[in-house]
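Right after this note come the structures.
Each of the two complexes below includes chain A, the first together with chain B, the second together with chain C.
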Partner chain A sequence: MNSAIELSGLGWKADRSFSLRDISLRVPVGSIYGFLGPNGSGKTTTIRMCMGMMKPDHGEIRVLGMDVPRDMPRILAKVGYVPERPHVYPALTVAEQVRYHASFFKPWDEGWARELMERLGLDPTWKISRMSKGETGKLLLLLALSQRPSLLVLDEPTDGLDPVVRRDVLTAVLDYVGETNATVFVSSHLVHELERICDWVGVMDDGALVAELPMQVFKNGIKRIKVAGAPVEPADAPFTILSRDQANGSPAVETWVVRGWQDSMRAWFESSGAVLRDIVDLDLEDGFVELLRSSRPRTPHRS
Partner chain B sequence: MFDDIDPRSPTPLYEQIAARVRMAIAAEELSAGDGLPSVRALSHTLRINPATVVQAYRDLALDGFVEIRHGQGTFVREVPAPRRADERATQAAELVRQLLQSAARVGIGVEELAHAFRAEAGVDIRE
Partner chain C sequence: MYQPMLFLHWKQIKVVLLPLVVAAFALPLLSIQGLGSWGSFPHETISAYQFTMNSAFWAPVFPALAAVTGITLALSSWNWDHQLHHVYALSLPLRRWQYAALKMGAGTVLALLPAASFWAGAHLAAASVALPAGLNAYPNALTVRFLASIMASYALLFALAAGTVRTTMIVVTGLLAFMLVGGTAGDLLGNHFEAFQRVDVVGTFLRALVSRNGPFEVFSGSWLLIDV
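For the complex of A and B:
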């Protein structure tokens, strides 16, 4: 088994306005995989299917080498899942909730649960109904981590949390990974947060997976370049042009956003009679926005 | 030592970490036998993927700058003086390349840079 999660040809139709379309993705064992996409792009639906909570119309799901939904009990024993909406009981205290959750999991790590409780600043006597969103978020993570899972599935684990809590949550995850080499599948629409921790990225938009690649390739492959004397139809370009616009001020210079860039491609400009004036690196968020812009159908803005 | 690590930079994090360590060795901030932070400690402090730190340390080991002793940690090796000088030269060249690139972007030529260099550092870099 070298994939912690493997989806092939996943499809599901919710109604006329939303469907998951032919999603195939692969989360390598030991990676931290960032599942990016705007709100409503289908991230949570996909995750719920991986957790056996929804059934796709077609396609195959394998988690930790096992079949969903057939092997679900065995899978759940090894997966720590932090859902988008808390699945805790408001009437319980923190200690009661922890004891309840622990009773379902054999490799439960009592010592670590206690340590996390302290590190995350949770009080066992608190009533869950009186806890803030941030405190509840930390409790959910504590529950998932104390199971000592081989795979952590985190659905927007930091959404709506303040920066301090967000940091606590992410460091707790990283510490766990450093200790156990567990795989992490984490969804977020907060791109910057994932930039420093992920080594793989999958990008969802409108029910489809529009990109899946190693973080470094994704980040380095998207550039904004300035081109003078650009050909009208650059048909044989070795990279993909996501967008082209006239640079402000000088009509002879165009700004292109390109994907799949490599430095050796500079030579192409000479052979096409154009001059490459400048290459600007884009960070993950810029790259993400440009990618989504180009993947969406739009009316052409230049002839 | 790792204060200037920038996750948004297009230079991969593992390369930034390895470059910082090489520079620290070249500048004798780190000397033979010194231990690097553990993978877990550094990933915790920088809030980055532990695998990224592992890759940086592995690259440093391949280049002969450090030695990974299993179960003990990562330690700086004896790096001969000429090698340290090479490393400093490499870093200096990289800094100049960055300067030239930024200058070109705003249309400042080498002549103007040389002028500014004399004004700022009191050294003539022409000839």
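For the complex of A and C:
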């Protein structure tokens, strides 16, 4: 088994306004895979399908080498899931919820659950209905991690949390991964957050996966470059042009945002009769925004 | 798994179930008020007719309490999961039928509480009155009927509530539509065609539910604590 999650040709239609379109992705075993995308792009729907909570119209889903939905109970026994919204029983106390959850998971790590409770500052006597969003988020993470899962599926785990809680949550995840080499599939619309922890990234937009690549390539390969005498149709460019605008209103100089850039590609400009004036590294957020812009119908400048 | 599920259901329902448990205990005692309980009235003065009339007066209240208890148990079984859109429940490593079976089992055990309370109340009530010759008290039989009625209404509502709100609405709307359309169409046809005057589709359906071998037969039998 090389992939912790493998989706092929996944499709689902909610209504006229939203559908998932032919999503194929692969989450390598042992990786931390960031599932990026703006709100409403289909991240949660895709995750729920991976968790067997929704049925796709077509396509195949395999999680930890097993088939969804056929092998769902066996899959869920090895997956720690933190949903987008707090889905725990509000009338229970922290200790009651932990006890309830533990009874369903055989490899439950009681010692670590206690340690996490202390580290995350959760009081076992607290009633869940009176807990803040951050505290409930920490409880959900505690439940997921104490199962000792092979795969952690985190759906916007830090959305709406303050920076301190966000750091606590991410640290707990990274500690667990460091110790167990588990795979993490984490969705977020907070690009900077994933930048620090992920080694793979998949980008969703409007129900489609618009990019899937190693984080290093995503981070380093997106540049803003200034080009003088740019060819009208750069059809043989060795990189992907995400956007193309005139620089400072001058028709002779253009600003390109490109993906998949490597230094060796400078030679291409000479061979195409253009002059490369400037190369600027884009941060991940700018790259993400440009990627989304390029994937949307109005700016299809792809080589 | 079962014990935490039972605890969860208990936690959900205890506020509502405890009054029902008290009511189940009190109802048999209420039903014998004025029948010489604890020797306050000389039993010779109370005729067998009065005993049976009094029992018959209270008889409809027992199945009503059983139905309310069963419905309450069923709705509380799924209430929290509906509130959480079943996301948490579906993330547990169980087949859905296993999860439903655990919930059903937890509700069944909780149904024993009002039944036990009813049994105690019925026995106390039976022991508190001196019965005229020819009459007997049936606390055990009535308790079995009470428990069976709780379970019948619990099972039906549990199955209904287990589905999505949409499914439940379809079933309930379908039933109401059947009763409304069936009743109205029966009346209209009966007014115009003699052959339809004796046809009562809705009545036949309802009678089939509570008649012998019907799923709710238990509601329609004898509910007398004191009978011949």
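One rule holds for everything that comes next: the second predicted complex is superposed on the first by the 295 of 303 C-alpha atoms of A that agree within 3 Å, B and C clash if a C-alpha of one lies under 4 Å from a C-alpha of the other, contacts with A are read in each partner's own complex, and residues count from 1 in each chain.
Definition applied: contacts are C-beta pairs under 8 Å (C-beta built on N, C-alpha and C of every residue); 3 or more make two chains touch, one makes a residue touch a chain.
Since the structure is predicted, the reported quantities are computational estimates derived from the model, not experimental observations.
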item: First, second, both or neither for A:Arg167, with chain B first and chain C second; value: first
item: Partner chain(s) touched by A:Gln216 [first = chain B, second = chain C, both, neither]; value: first
item: First (chain B), second (chain C), both or neither touched by A:Arg196; value: first
item: Touching partner for A:Arg74 - first (chain B), second (chain C), both, neither; value: second
item: First (chain B), second (chain C), both or neither touched by A:Val253; value: neither
item: First, second, both or neither for A:His87, with chain B first and chain C second; value: second
item: Chain C-contacting residues of chain A that also contact chain B; value: none
item: In the complex with chain A, residue positions of chain B that touch it; value: 7-10, 12-13, 39-40, 43-44, 46-52, 104-105
item: Chain A - residues contacting chain B, complex; value: 30-32, 167, 170-171, 174-175, 177-179, 192, 195-199, 216, 219-220, 278, 281, 283-284
item: Of chain A, residues touching chain C in the complex; value: 48, 51-53, 72-77, 81, 83, 85, 87-89, 91-92, 96, 99-100, 103-105
item: List of chain C residues in touch with chain A within their complex; value: 1, 3-5, 7-8, 11-12, 80, 84-88, 90-95, 98
